[in-house]
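One chain, subunit A, links the two complexes that follow: it is found with subunit B in the first and with subunit C in the second.
The block that comes next holds the complex of A and B.
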């Protein structure tokens, strides 16, 4: 007890004369000192983080949705840093100030803390405010920009504000992604090229198991499910290349299921798309007409269980046109 | 307690051996430097022997012995022209995705089917496509056109050219050293979910590595 008095509880001289025991007053002054240390450290570390580390947080600012993700990460980290500092400061303070070798009291946990009105109210208030804020902030951030780059299913709630949207279909299969450009004759290629400054609607689907289209630097990530049209939006801002990875464990070559994509200028994109449309024309006319999902055909699967579940009269397009003997 | 420990160790050893066991590698990297290498593969509708006699499989011809080796691992020198010959003994079907009916990533974006050059194969016509030879990271894809399923097809490896077959030839230049996974893109694992299990997921059958050495 003597230690506590000597170290921090600068008694203001008017304490209730209860001999050597003055727990409430000491608690209070420890509390204020902890608060002061925490406040100063947080006020220093938070701006340092935001100014020096903030701009370099992944996935960068290649697109609207990537920039949105960076902003979200930064807000979360700015909120998390004071929480972390609070824990560390308290731990360090306890180790230095209340360690047994200094002749301090037994640790006051459990029952004693249980009746502390201040600790309880501040604990509940702070955590409630934090969690409610994060819930509200998180929900709002899922809306903007453009649905945060996440797959929103076939009927997106949050859509781009732009009137011109370029649809690109992403088709996952074991083990690569192919991309169809329905507004350029529906050609299908392994190359993903997107124009700068144009809203893109990725229509993500799969021909077999569940894959996940993760265009890392674009801040876009959407599950590729068979028979599902999962829509994700973004607007690329910066020119350059980005990486696409499959992010759903999908079999032996899941780890090799990646490719590079490119953001190019609008003019370059037009040239690329028209050239590719011509170059692939012979194969495009063999593809099924563009559809948002495709049911692999019985024969196309060359056996396997999938065909047994397929309704041959489904409105879903059969991938591979009419097949001999597909019923 | 001791019993549990012994069982745990045995399980771990079995798993480690199982996971690290690899098919043999057929070495084409001893060719004279600067000379093209000729790699020869065959595909068979049913391997015909244990442990998976019913599985489709690739085999690779050992250049030093002329023997067919049941594997999907081969090794070539870096930055060298690789002339591939694939003798396809299996039947075919329409493709789940006709995109892989295109020849891509080969020299001249072309492959020879029984001597005739082609760029795109319509899998909905004729005997369809049985398998593909694809190295996705290098953009290489060649559809292996199927044989008539009603013909007397070879059903146990190694097959000989007495059985009906299609010969596919194409070339590419090997990249820098590294291990490049290659695979078949036709879901040919008959009887497995989506046709993509079994041989499609097993090295030595429809999946393997091209090892490139400097």
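The block that comes next holds the complex of A and C.
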């Protein structure tokens, strides 16, 4: 066995613990062998992944933010594959090469086997560089316009570059989502229809507990908090339908809280929005005026909700009306 | 070459006679406090508290329309826990001191009844914790299989949504409570004094208290099922928590109770490690597992109070109608999320660090090499413990809390992977040119490294905000933390059990069954949880009872594997019962030829641990060094001269035979 042959050659180079990013030490032929196996395997698997699997990674490229998430995911996988291959190759190599055998050499102990300053510092340096690169890369991808599709609270700072942004309010409630279109008279519907190629601002809020608006194929996710406006941006590129699911446990029917949305062309959207606005005009009159958040009606269990600029503890039931002095 | 310390004060040699003579017992053995009285105390306490709660709050409207009185439930549970503690005898000592009387002296016991008592022997508490943790684990495991049964079909239901969500919450909470003590409870308590050369814990009564309140927590969290369960999962998010029915009280009281136990255990272990190290046990000689326990103690004592505060606020919101978490009354639902995760993320490392320590502790024994980069390992665990307080908001990336701080929390989260990665530097470095023996513990070590690598790398994906937009709250997260906690901590726990049970019970575990257990556990663990990464990536949120039909195949693979994973634990149970009771084989004092101080004691370990306080010479990892000093001077040689022990007992460690010269050495590769 080659272990026996090299028994005496342990010195400063012994202990190269890492097949991943580690340049091999001088006289450690185990190190060279591991490095070669690692390099070959990584050089094969990484391009194979990127070419064949990369384009099909969910959630696809239906919108700007979904495409960004997929790109990030693929970069992380491409970086993760060599690390995992490195550790696994090393473990497999150790299991095969350094298993105990009758009459085999005793491992050498002593300070050289217990510590190797070069190996330790290079490990720490390499992982630190890798980690700082990942943090920088993630930050760069996040602070792009639209903020990667995540919920950005009430005052988003990473906003779309486009001047025309369509606001859509998403209201989470046990156990469904409803959508209000403030630019079309504030009608409220259970259908989510968005136009292609237009930047969209989802204003996500909740009437009761915490929900989470997850438009899966659009790559948008934002918590729906009571009394909070949580904004997330995206720009849909492809026509078709997408799934909306609640992604934060909100009670017993959490699993049934989903519906389908649709991306349509701008013209179709205009038609749909104006038709729906007219059809729902009678309902819209009964709704509280559009606001970014709503407070449950404290006067009674009639299911009423008030915009936040109205005193919910008024002695008078003023459903849908603006109170004097409420501004 | 023993140093004569016979005359050193404080190191008196007790010989066969215990330091404390057994007190004169009056009355029956059964009348003294034991677990039976604890059950009686719990029942009486619950009824009393419930009655009292109904008296002081019976006239008020209960907001949840369930007919339950939250005040009565909370007071019942709190009085029940107090009754449990009174019944076990936890209050005897403090109450006696309080009224100025001398409490009864501790009685060192040897019979089986000591496992059902409030004892001051850390080894008994360790065994109690072991049974307690396994009870938690198997209860949670059965609930997990119930979840996987429901998810066999996307639309056909075995349970209604309310039962299902109760099962999900119960599974998550029980498992999280279990995992906080999984290694620190049984092995941390059992091993720490032995590893540092101490005869006792710093606060033995506090240690026993931590176990008995931990076991009370189990009963409290199970009682949630009697009150209709709780719908929030283990995270207990607030507006949902406020509107939930009575089971939520069990969750809040249960977590508070467990939290008190965690703080108690943390203080006791930290004080023991800092103050009770034997002479010569310098910080650079402390076993790496003890470093892991110490780092964990820092988290147990500093992070858990945040959970207690959150639980207290939640109880007040539900009973006294305060508004800590009610937004329309001036509270904030974000407050619970912040408080909970400020505890919750360090808690993740409360679970991970002891597993790291255990793996690094066992590895040199099976590679016959010194632990590589000991200082980096210790520094890494302290680094993880420190950094873990600065990452909690990565659980809230999409929540709208501090959205502009996300780059910072992304950075801190990714920074924590540097000290976490030291685990691999140390383990891989120790494997280099080693002589690996594939006994069951070693297989679990390798399995843990394999799983934790996947768990750790997927953690980097979750810390990247753009990727997190897709995977947050999905089955991807769920698979990730099962890979770190179950694949890391539980693998380390079972490796540690196969390693230390011969010392703890004096009986050898069956090798073949252990290896069967490993392979079934390892294969079905991966088959259960790996598909769930894909399921999550394909858009299935956590905690749902219905999912998209195209995900059924992956879910079914996971479900079937989960049942087989559950069955693999049966192998452990069979092995345990067979090896410990049905066909016990006496274990030698040091079956693995370890240099560790804990292995230099006789088996079974006497209640006073060491005849003499050992004088420590070196760290316990000097494998492969022919002339190395023994790890400690156990002070037996003068006793041989004095005729107190025989020559055979006085053999010093460090002169161990090479393992392949012994008869029982089995060089088989890791195949059955």
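Heads up, the rule we're going with is that the second predicted complex is superposed on the first by the 258 of 327 C-alpha atoms of A that agree within 3 Å, B and C clash if a C-alpha of one lies under 4 Å from a C-alpha of the other, contacts with A are read in each partner's own complex, and residues count from 1 in each chain.
Following the convention adopted for this analysis, a contact is a pair of C-beta atoms (placed from the backbone, for glycine too) under 8 Å apart; a residue touches a chain by one contact, two chains touch by 3 or more.
This one's a predicted model, so the numbers in the text were calculated from it and none came from an experiment.
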| item | value |
| --- | --- |
| First, second, both or neither for A:289, with subunit B first and subunit C second | neither |
| First, second, both or neither for A:72, with subunit B first and subunit C second | second |
| Greater residue coverage of subunit A in the superposed arrangement, subunit B or subunit C | C |
| Subunit B versus subunit C as contact partner of A:171, first or second or both or neither | first |
| Subunit B versus subunit C as contact partner of A:119, first or second or both or neither | second |
| First (subunit B), second (subunit C), both or neither touched by A:190 | first |
| Subunit B versus subunit C as contact partner of A:134, first or second or both or neither | second |
| Residues of subunit A that lie at the interface with subunit B and also at the interface with subunit C | 208-209, 251-253, 256, 296 |
| Residues on subunit C engaged by subunit A in the complex (per definition of touch) | 161-162, 164-165, 231-233, 235, 237-240, 243, 327-328, 333-334, 367-376, 396-404, 406-407, 410-411, 414-415, 417-418, 421, 424-425, 428-429, 431-438, 446, 449-450, 453-454, 457, 460-461, 463-470, 472-474, 537-539, 541-548, 621-625, 628, 658-660, 667, 669-670 |
| Parts of subunit B lying in touch with subunit A, wherever the complex brings them together | 93-99, 101-102, 104, 119-120, 122-124, 128, 136-137, 139, 181, 183, 185-196, 200-203, 207 |
| Complex contact set, residues of subunit A against subunit C | 3, 6, 10, 14-18, 30, 57-59, 65-66, 68-69, 72-73, 76, 80, 83-84, 87-88, 90-91, 94-95, 98-110, 113-116, 119-120, 123-124, 127-128, 131-132, 134-135, 137-139, 141-143, 147-154, 156-157, 208-210, 212, 214, 216, 219-223, 225-228, 230, 232, 243, 245-256, 295-296, 298, 312 |
| Subunit A residues touching subunit B - in the complex, by the definition given at the top | 171, 173-176, 178, 188-190, 207-209, 251-253, 256-257, 259, 280, 282-283, 286-288, 296-297, 299-306, 319-324 |
